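Look for chain A in each of the two complexes below; its partner is chain B in the first and chain C in the second.
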Partner chain A sequence: MSEWLESAIIRGQKIDDWLTPKRTQAIDLLSTTPWPTRKTEAWRYTSLRAIQNSKAKNIETIANLLPQNITDLSAIELVFINGQWDKTQLPDVLPKGLSISLGSDLNKEQQSQALANFSDIKPKRHLFGLVNDALAQDVVIVNVEDGFNIKQPLRISSLLSLGAESHTRVQVTLGKESHLAVIEDVKAEGDSLCTAFVEYQVSAKAHLEHYRFALQTGSNVAVGGCHFNLLDHSSMHSTIVAFGSDLSRLDTDIIHSGEFVDAKLNAIYLLDGNELFDLHATVEHAMPNGTTEENVRCIVAGRSKAVFNGRIHIHRDAQKTLAELNNRNLLMTNTAEINTKPELEIYADDVRCAHGATSAQVDKQALYYLQTRGIDRAKASVMLNFGFINELIDLMPNTVLSEWIRPIIRNRFSAMEVK
Partner chain B sequence: MSNTKSLLTIKDLYAGIEEKQILKGFNLDIKPGEVHAIMGPNGAGKSTMGYVLSGRDGYEVESGSVTFNGENLLDLEIEERANAGLFLAFQYPVEIPGVSNLEFLKASVDAVRAANGEEAITSSELLKQAKAACKQVNLPLAFLKRGVNEGFSGGEKKRNELMQMLLLKPKLCILDETDSGLDIDALQLVAEGVNSQRSPDRSFIIVTHYQRLLDYIKPDFVHVLADGKIVKSGDASLALELESQGYAWLENGNVEAKIEE
Partner chain C sequence: MTVQVEIDEALGREYEAGFISDIESETFEPGLDESVIERISKMKGEPDWMLEWRLGAFREWLKMEEPDWALVDYPKIDFQAISYYSAPKSMKDKPKSLDEVDPELLRTYEKLGIPLIEQQMLAGIAVDAVFDSVSVVTTFREKLYEAGVIFCPISEAIVEYPELVKKYLGTVVGRKDNYYSALNCAVFTDGSFVYIPKGVRCPMELSTYFRINEQNTGQFERTLIIADEGSHVSYLEGCTAPQRDENQLHAAVVELIAMDNAEIKYSTVQNWYPGDENGKGGIYNFVTKRGICHTSAKISWTQVETGSAVTWKYPSCILKGDNSVGEFYSVALTRGRQQADTGTKMIHIGKNTKSTIITKGISAGRSNNSYRGLVKMMASADGARNFTECDSLLIGDKCGAHTFPYIESRNPSAIVEHEATTSKVSDEQLFLCRQRGLDPEKAVSMIVNGFCKEVFKELPMEFAVEASKLLEISLEGSVG
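What follows is the complex of A and B.
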């Protein structure tokens, strides 16, 4: 076991609060889990050295940090500063049907429900998910009542000061036939470390619109997860946009626990320099008649490294499942690296599934078309490469977010190290 | 007219794709302002001619020459040909999701302007021109924000080609079966678009299988292409003759019109 994990366990053991039963379970599991090496499948291409070497530590005093400004976005701001919820940034009045509370502030009955839900969706196999269970600071419970359509998006930001360590945790429940949009993002100064996990319970006929922006770069270390449990006739649309850092890892689990669930996941990576981003996306089709559409596109330049593991597991009873996983990658330099592993495991016999992973080259026909309109080959290639990613930005349901992120991605793309 | 300098002169062109010879001694001379129709059966080499002139990869010229506006066209890159004023409206325009029409049009207009020593167009001026062009070809303005040809119907793609032509103001437009798959209203719209662009310094090659487009765009010359070369040339009445008698009629003149893909 690593020193880092040992210290995490010791720190976790010292916490005594309403979550202690769950923390203890996590610590028990952590104590018997070997620290990942290159032979550990889930960490094969992603070294944990950055965590072992991290000097980040808890900062008790609340720093004065604000989330990154998103032009024209009016969101309900749920802001964590170095892991502590800054309640002052939350509006005084929330839309009807929405509640946001600190787990420790709930009454006994609510708290025992929250305790039961805690870590119920997130699978136990995620090492840093267990670390987050053990060390989560302010655990925030978000609830949308049955039938409420919350028009304003909820934004969950984790902000970190220089050298800070944080462990944020949010539990979101969407009641039946409700609608909520959630934006998750991390803003970190150097040498910081965070684990940020959110569990989503999406009740029957509810719809979740979800974004996760992992745009932190440099020496930040981030390991996080988004875990979705979807009940009958519910749906979700998720967009992940990631730049890389010394270590940036995200685990997502989409669990079709009900029938006729519709899940869409689009992920964009844009990596440069020595950055790393690792997405492990798992979809569990446990029930029949579900659909999943997953699009993952990476552009890597410099000496950066992209890791993608996309697993779709179709259980024996999940008949009439439609599942598609498409992963396309573009290598801009021969020193950049893409490690991709799509996995389909099918135990039902009446399903339609497709998966594919390609290291894309520019579409020759499209290139020719642009050239016949006077655009030179180099410029046309740039346009097509950007278009490759922009196609997924165009699919973001919230145009305020797509208009905000598009120029950011465009600038990053044009500054990429192409040799 | 005969004293005017030619805009395009194709002499004894032999060309094809992957060892397969498709154009076999193709000759054509076009002067500024002229509208030429090229008709012929499937597989005669009509689309190949457009691809060879535009410089598409994979299309090899074995022999012959092509002079465009005094330059050796075959020496130029694809984009240089476009910037010199050659425009090919495709039979099947490609869809490019992720690249918006407007972004594409700006890059294209700027490239052509740069080649003519002009400054880049401002975004607002381009938008103004693009809106006007959309209106002229009856494309919804929302299309400007969509990906290039993304999800467009066949007719919309053809009109989008025409819209680009309106913005780029080329010297020579090759319309490759622009009429195929269009209903009569769309056909008229395309014809009006082309007619509005006819001018003494702009020429057209209208490649078509059927005569009906030529009811609306009156050509100065009609050529029949069969088995890689022009076997008959005439005025607009030749198109009518072809329409009534079919391409088989040509075979009486010992011209073998090969039916291929």
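What follows is the complex of A and C.
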């Protein structure tokens, strides 16, 4: 076991609060979980050195930090500063049908209900999920009542000051036939460490619109996850944009627990310098008639490293499933790396599943075409790369967000180390 | 002594050792330690360096752990319960005629269209008396000799051509490569050795099948094929008919070396006993096959895998030289309780290297069939190209089809394309066939054969015919 994990366990053992029963369970599992090495399949391409060397600490005082401004976005702000919920940034009045509460503020009965749901969706053996179970500063519980369409998006921001550590935990439940958009983002000042986990329960016929922006770069370490449990006739649409950092790993788990579920996941990686982004996206089709569509596109420059593992698991009962995964990669330099593994594990026969993965550079002919039209090579390359990503940005249901992220992505392209 | 005489003598000697002398006294007790390896080496009359090499591998093996990453499930193997040298059965123990052979086995041979004489060989009948095997060996050996080709048991090559063996053995699959290959390095008892000289196109397809002394090759065979500059060889491996064996371990190693501009085509039809429908018995087939391509060389692997209880096999190409080409064509069919985890690795090192991977997995019954492959583009592989297509077909709702492709790219000018699909035999296709009077079994077999066509066309003619028949037989009882 690594020193880091040992110290995390010791810290977890010292906390005594309403989450203690769950912490103890997690600590028990953690103490028997070996620390991953390059031989551990789930960490084959991603080194945990950054986390082992991390000097990030728990900072008790609430710093004066504000989330990144998203032009024209009017969201309900759920802000964590160094892992602690800053309630002052939440509007006084929430839209009808939406409630947000802190686990420790609930009464005993409500707490035992929350405890029952805690860690129910996240896979049991998820290493950093267990770390988050053990060290979670508290749980914020978001609830949308049956039949309510919450027009305003909910934004979960995690802000970290220099050298801070945070272990945020949010449970989001969408009632039957409800609708909610959630934006998750992180802003960190460097040398930080963050395990941010959100568990989503999407009830029958509800729809979840989800975004996760991992735009913090450099010496910030993030090992988090988004886990979705989807019931009959529910649907979700998720968009992930990541710029990578010293260590940035995201585990998403989409579980089709009901029939006729529709899940879409689009992910964009733009990596440069020495950054790494690792997305492990798992889809479990446990029930029949589900559909899944995943699109993952990566542009990798400098000495950066993209890791993608896309697993689609079709269980015995999941007949009539339609699942597709498409992973396309553009490699800009021969010092950068792409490691991708789109997996299919299928136990039902009446299904249609496909995956495709490609790795290449920008089409030389297209580049030449643009050059003959008087566009210089660098600019032409940016245009083509941008086109590659732009298709996925266009698919974002929220146009305020797509208009906000577009110029950010464009600027990042222009600054990329291509040679 | 001329080379011819040497070959003659060597073949003769081996033949004797295989069938007459030494036999009954030399079946080892189960168990594995350095003394067992020393005995194997001594029995083979090996030079000291070979024994040292084996012992080195054994010491490495002791430090290694059995791999557990494949999607296969089998009880832990007790390596001390295996006999590491089982000499060919004596004539007395063999069935005297086809009447004594399991009729089901004969029915299969018949369907495969195997000539009677070969049926007898495959069934392990003492063919020497009835079949002039020596003349077959002689004709074909003369033909090869004229071309300068060396084709002999590896145990003989170690003695007769030590400089060639020493130079190449273990250069592609090293002693520390993996658990099973290390074990093979330590205890291999026989296998083939092929050397094709510069610029020679091997006049005939080489096959283990023709080499009678291969018939009873042990569980740990080792094959080394060296195609020198500008040469060409097509090698056929394997049993085209079931061998009725109890649950046993088969850990072979095949090393291919294609020098500049050489080409090696390696075709396998593997149909070891898969165990019964409840998963009892059957072969554990843990095989390491790898080739290295030098400049402008080409290695092409084609495999049809229908047998074995557990298959763990990844024929691979190291595309070291510029402009070299690697190909992998595979059909893997699993039924009953069979488990197959098979695929390939294409390691692109040289510039403008190209690889093609076409795999067809068919799962039926309660079996599991996985494709596991790696395409790696090193930073030096400018202009490299890979195309991979993995298709899976499911027959029945209790089987599994899985795909685990790994793609690692370090070169921006390299292009990797991977696609995989999974589907079932569609009701529409079946209906169409049945409308035309085909019974469901025939119809499925026809559809499956069509599904595998891309791979079958890569097989040498007579192998292709057998492969498609084999598929038909294997599918029997899977439909309905």
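Keep in mind that, in the parts below, the second predicted complex is superposed on the first by the 397 of 419 C-alpha atoms of A that agree within 3 Å, B and C clash if a C-alpha of one lies under 4 Å from a C-alpha of the other, contacts with A are read in each partner's own complex, and residues count from 1 in each chain.
Note that in this section contacts are C-beta pairs under 8 Å (C-beta built on N, C-alpha and C of every residue); 3 or more make two chains touch, one makes a residue touch a chain.
Note that the coordinates shown come from a computational prediction; the quantities given were computed from them, not determined experimentally.
In the superposed model, A:E3 lies in contact with neither chain B nor chain C. Of the two partner chains, neither chain B nor chain C is touched by A:D16.
Using the contact criterion defined above for the overlaid structures, shared-chain residue A:G387 touches chain B, although it does not reach chain C.
Of the two partner chains placed by the overlay, only chain B lies in contact with A:T372; chain C stays clear of it.
In the superposition on chain A, A:E41 makes contact with chain C only, while chain B stays out of contact range.
Residue by residue along chain A, chain B and chain C are tallied for touches, and C comes out ahead. By the touch criterion defined above, A:M332 reaches chain C but does not reach chain B. When the two complexes are overlaid on their common chain A, residue A:C353 makes contact with chain C while staying clear of chain B. In the superposition on chain A, A:E60 contacts neither chain B nor chain C. On the side of chain B, the complex with chain A involves touching residues 54-57, 77-79, 81-83, 87-88, 90, 93-94, 96-100, 103-104, 107-108, 111-112, 115, 147-148, 164, 168. Within the complex formed with chain B, the chain A residues making contact are 363-366, 368-377, 379-380, 383-384, 386-392, 394. Within the complex formed with chain A, the residues of chain C that make contact are 69, 71, 377, 379, 392, 394-424.
Taken together, the chain A residues at the contact with chain C in this complex read 41, 45, 316, 319, 329, 331-361.
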